[in-house]
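As written, the chain order gives the labels A, B, C and D, with residue 1 at the start of each chain.
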Amino acid sequence: MDFAYSPKARNYIERLNTFMREHVLPAEADYFSQLKRGPLPWNVPPVMLALKAKAKEAGLWNLFLPDEEFGAGLSNTDYAPLAEIMGRSFIAPEVFNCNAPDTGNMEVLAKYGSPEQQTQWLKPLLAGEYRSAFCMTEPEVASSDATNMRATALIDGDEVLLNGRKWWSTGIGHPNCKFVIFMGLTYPDGPKHARHSMVIVPMSTPGVKIERMLPVFGALDEPYGHGEVSFTNVRVPLTNIIAGPGRGFEIAQGRLGPGRIHHCMRALGAAEVALEMLCKRALTRTAFGKPLADLGGNADIIANARMAIEQSRLLTLKAAWMMDTVGAKAAMSEISQIKVVAPSVAQLVIDQAIQIHGGAGVCDDLPLTALFAYARVLRLADGPDEVHRALIAKLELKAQATKFAAQGEPV
Amino acid sequence: MDFAYSPKARNYIERLNTFMREHVLPAEADYFSQLKRGPLPWNVPPVMLALKAKAKEAGLWNLFLPDEEFGAGLSNTDYAPLAEIMGRSFIAPEVFNCNAPDTGNMEVLAKYGSPEQQTQWLKPLLAGEYRSAFCMTEPEVASSDATNMRATALIDGDEVLLNGRKWWSTGIGHPNCKFVIFMGLTYPDGPKHARHSMVIVPMSTPGVKIERMLPVFGALDEPYGHGEVSFTNVRVPLTNIIAGPGRGFEIAQGRLGPGRIHHCMRALGAAEVALEMLCKRALTRTAFGKPLADLGGNADIIANARMAIEQSRLLTLKAAWMMDTVGAKAAMSEISQIKVVAPSVAQLVIDQAIQIHGGAGVCDDLPLTALFAYARVLRLADGPDEVHRALIAKLELKAQATKFAAQGEPV
Amino acid sequence: MDFAYSPKARNYIERLNTFMREHVLPAEADYFSQLKRGPLPWNVPPVMLALKAKAKEAGLWNLFLPDEEFGAGLSNTDYAPLAEIMGRSFIAPEVFNCNAPDTGNMEVLAKYGSPEQQTQWLKPLLAGEYRSAFCMTEPEVASSDATNMRATALIDGDEVLLNGRKWWSTGIGHPNCKFVIFMGLTYPDGPKHARHSMVIVPMSTPGVKIERMLPVFGALDEPYGHGEVSFTNVRVPLTNIIAGPGRGFEIAQGRLGPGRIHHCMRALGAAEVALEMLCKRALTRTAFGKPLADLGGNADIIANARMAIEQSRLLTLKAAWMMDTVGAKAAMSEISQIKVVAPSVAQLVIDQAIQIHGGAGVCDDLPLTALFAYARVLRLADGPDEVHRALIAKLELKAQATKFAAQGEPV
Amino acid sequence: MDFAYSPKARNYIERLNTFMREHVLPAEADYFSQLKRGPLPWNVPPVMLALKAKAKEAGLWNLFLPDEEFGAGLSNTDYAPLAEIMGRSFIAPEVFNCNAPDTGNMEVLAKYGSPEQQTQWLKPLLAGEYRSAFCMTEPEVASSDATNMRATALIDGDEVLLNGRKWWSTGIGHPNCKFVIFMGLTYPDGPKHARHSMVIVPMSTPGVKIERMLPVFGALDEPYGHGEVSFTNVRVPLTNIIAGPGRGFEIAQGRLGPGRIHHCMRALGAAEVALEMLCKRALTRTAFGKPLADLGGNADIIANARMAIEQSRLLTLKAAWMMDTVGAKAAMSEISQIKVVAPSVAQLVIDQAIQIHGGAGVCDDLPLTALFAYARVLRLADGPDEVHRALIAKLELKAQATKFAAQGEPV
């Protein structure tokens, strides 16, 4: 048992922290001022291009991808602390070509893509030239239950015919978003987990229409954005199906594990930023003759935040380590656990940082409301808390029942 | 002991509910589409003028004002359920000329204003022709501790000279905002609670400058807005001081009681709207073959929300009744209690309503994120939770110590 | 709307408080020292007899019974604050002949008993000469679901034949416990709510056996006790059935409303005692150079306790008022709400009082662990929290669905 | 980073689990029936002697002691999972000679004891022949602030003169308790952390008197017990001081780290037992036609318990690992964190296990109330939660301030 990051991870941590301090954090103000907030298509702030070039040059590129050929070859455990560091800045994930949903799409294409798909779509993603989106969630049905999905990806000769409406397709507003991965029903009456296919759909395909960009607590998160997208009689070649028809569910499952670890570690990075701000305010703001740190329950809030962050980070790291050592299936409960815990911890700590800042906390002089929205949404994205809790309980009861049975006490 | 609303209150409740159903709720969509969201000055949607005229005609006007000469003459207890009903719509408070901070300003002018002040400023407010703002909180200091205030209102011959910077001056962006009530230090070395004055300052006075409008979770809340305002060598006649120099603190205290009851009841109205939406979603959305109401802890969430709302409403009504029967001073603890409880309940229930709606909950297809921002800010406005908790504890310990002493057990 | 207790209630409150201060509280130490803790049968401390005589003489007797012929004729609303006062002492409820389960049994006999049953069993209960128990809950089944009940009360000619095992029969260890009210299945295949009967069973009937007395967190609560009781071919005359065969469920429902209000108000009395102790400790104990009241989150704990108690008291009083004005059926949700809220508030406040007392809080120098056990058990007695929450949610969803339907939005 | 227990730990885990299953758990019933509950002196159940002999023979002895000469030579990290396993049975810690406070006393004597002290007192403790107690906490002062201590250990020639009153001296009721380690003021005016001494006091010394045994939630925890002990002009030789006069505080600090890890891991063992019982009940008990696991929020309770236990275990293991790698001082925050988190998690999960068991949960048919008392007391023992939270916050603020200063933003 060893709680120290590996030498490899420590090397990256140090380089990443240095790069963040020297390049990313100082560029944030420029980035936001270059980012003209207007109607689609949004622009890419030039400073982002410069940062990406620097990051690539510094070897801090595609760190998320465990594949040694395509990516940095880091394990989930080694990448986790890097994701946390990136979570400290809204712009950092893209700087290092590590932002969702491109990361998930790259993983899928690296693992399941045909050589042609990899050449055409993966390569420019890895180079940071293309952006992409993932079209899964639908507005009309409870997508927390994937079997509710209604969009179709029917095989018609050597083409796939797509129809349906998706939303929360993050990144689809980016000017460089060239394609989406679309999930739809191919065999509606097939076995529950072999009905869906994942299909590569170029944005330029006729019938693909961004109906609107969805605000999140009022913010459009440009230049990425979250789109509601309709697919009307969209036709793409059969070769655009990833891994083969009916394998969508299988791919989705594989995709989710690492993505959840990334999300959770970034959320914890955000929670650390909030706790820092909270502490700074507690130390520097005075009321009733004392720094806020000495007033009321503020010290308890700080202590509780520290304990919650520490615990959820350890759990997330353990889940990453299990992914690396025993695989996603054996880590299923732990992955659901972190997905419940980390965003909730982040939401709470950010809310408390807002509170201690008073009026400054709710306006945009500080990044706190943006952080809040980010953490809040994460309690819904990739499965709402409720679905994960249900799964954790189911696995726990199953494990306990197995144990009772082994002890001769069948239940 | 009687938990029924009075016949008078019931009469107003029925009329108000009818008016809301027939006029206000159906007009909301029009209102928001007429409200051009652009730079200052904002416009007043014509539908609002029509609604106000109708409300005045229906005798549903100035309901908040207990003064029988100027207002509807309702007690706090009788007005409380009306405030709750108005809390169900963002536009309702203005329709009935009952929106903050004009309500507080009208109370102050009705109670402390000179006849000239009442003629010039109160009368058009009561008529709904003017809007006004209240300039108290300052960006540079912890305004939760009012003695931190730095802005000055110094007497210079027959004028008052104002300097300082205020923020969160709500309503100051409204095109009809004609004046503000400014609070500043007149006698910096006077007794702690006799240092400040409240001064009427016409918006057109030289030296008054809206520096910017502050967003709240990204929203500017036009056409009211929350301004950051600088006062630079602003001069107004001595007669613009309300009640006399040095009485600002006294007036502020009197102002806060009813305002807190209004805020809390509106927050509970918002909580009820959220619970309704939560229940509707729970009944109509299906996942894993069941309505959400039958899944996981959703029933518990609904039960807990109902219990929390009921309890905080009763406490708020009791605080209102104490204001009416024993006065604001004797109700000090109860008023602080509701200020902690009601916004927190609203925040929690709204957050849970967001959660059950999934992606729909965080975008603006539904009013939930706006309701969330509203409840969240209320935990800071009119004193953050922390200050109220400290006061409640102080009063509790004092009461217990008095009791112990009476029993011969001095502590 | 009037939050003041009625003149009648205020008169009783004052007399009861005086009696408590002058007679009950000073007698507690004597009582416990007279109460020899040994094997059954337990004794009745002589001081209790003296206190009962004094209470009867002072007209503070059978206050719980709304029936004017048999009891004090107080409404639930008027009795509620008296129950709270009694909840401040373990021995008070019996002093005033107001302790469960005799209160419920007296209510049942007063309302449903035949004249003969009233003469034989109710009269001596009202006089405080008999004690009684209520045998409903069973060890083998989840009694939270009353339809699980297995004990039988079968009609055999002019006799009823009882078989089954009951537990948590409170009061059955008292030397004056002369009879129990037993609930069992008479018509196992009848309509769900017409299967059970309530039967008066003298303790001396052959086949009634106290198997053991159950400890609660280690305490036997003598001289009342909680028994596990077996009924083996117990025969009593048909005339011992209350109200008629098959009416057990109906009687049980009627019994529960007032009992829950009593329980909750007593629990709040206990919570007030705990908060007093907490405050006294906070004011008098010093650590790190300050009274505990000034350390860490203690002030917040006190404020939160005050808010929680106030709110649950108001809700309980409202439930009592609804019982009085619109009846138990219309108050069903509110009665379940208080049953969840009040014991939980009491448990939490008592737990916090324990914490601030350190080691003294967990040993029996103080009544805190006994209070804790009392509040903890109350979260199970008369229906566990879970069952009440489920009912509250069901009623809420039904009410909301009705409202939606009325608005033409059937769900 | 490696979350797997070391091979050495895994070997012990397997052997300990086997021993528990084969010997300890089956002996529990015998143990409690042999343990006659009566007045002092209590007896030692013969089955305990047999179990100890077997454990010693199996090499499962003094596992807690990292000292290779005296103990098993396990690191804190390796011993932690063993402590968790022992926490599953009340009798297990003594079986393996690993129960508090003897463990702490052995650590102190192994590390600070003179050769003579080790021969006379440590050796028989290591052999399991003696039991001992630790006399630190005092009834009259807030012992959470160690500087409050009033008992004295004054040097008088070649003797130490002890006076004072201690309580919560656990283990002092054991018939084999031969000595206590007493902490008292030697230099009342010395530097704050060099005032106290630790002194070995044989139980037979004149002036040592057990005033009473303290119940914990009604239980005396025989044959160990928690004593209130008076020391009246007790004289022991100067050589009984451990490490030298004035070093008491230093020793106490060193003693606490490992002890807190043991406590927390045992508490988590208790929490796991409670969760098992909760799950078994949820799977086997039926109400309203379903197993409890499928009702209401029970699945959420199970999921939340699993997440809380996992997280606090990881944090405890990390604290142990820090003790092993960077030492107690650097692990100060983490050790305080686990002391807050683990007992609270245990208390909550046990409380929920009680709830799902209904009446069975609060009587002594199940070990749940005993487990509850155990966890509850642990929130006070070795420093109440409040003191630990204050320390965590202080360390956090200090670390953040240092970081801000390093970034050129002194606060």
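Rule of thumb we're sticking to: contacts are C-beta pairs under 8 Å (C-beta built on N, C-alpha and C of every residue); 3 or more make two chains touch, one makes a residue touch a chain.
From a predicted model like this one, the values you see are computed outputs, not experimental measurements.
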Average the CA atoms of each chain to get its centre, and name the chain whose centre is farthest from that of subunit C.
-> A
A-B or B-C: which has the larger count of contacting C-beta pairs?
-> B-C
Copies subunit C, subunit D: same or different interface, half of numbers shared as the threshold?
-> same
Approximate Å spacing (C-alpha centroids) for the pair subunit A, subunit C = 52
Find the geometric centre of each of subunit A and subunit B from their Cα atoms only, then give the gap between the two centres in Å, rounded to an integer.
-> 38
Whole-Å gap between the CA centroids of subunit B and subunit C | 42
Could you say which residues in subunit C touch two or more other chains, in rising order?
-> 296-300, 389-390
Within the complex, subunit C is touched by subunit A residues 296-297, 299-300
Complex contacts: residues of subunit B adjacent to subunit A | 137, 139, 142-145, 148, 167-168, 214-219, 226, 285-288, 292, 295-298, 351, 354-355, 358-364, 369, 372-373, 376-377, 379-380, 384-386, 389-390
Tell me, which parts of subunit A touch subunit D in their complex?
-> 1-6, 9, 77, 275-276, 279-280, 282-284, 293, 298-300, 302-304, 306-307, 310-312, 314-315, 317-318, 321-322, 325, 333-334, 337, 340-341, 388-390, 392-394, 396-397, 400-401, 403-404, 409, 411
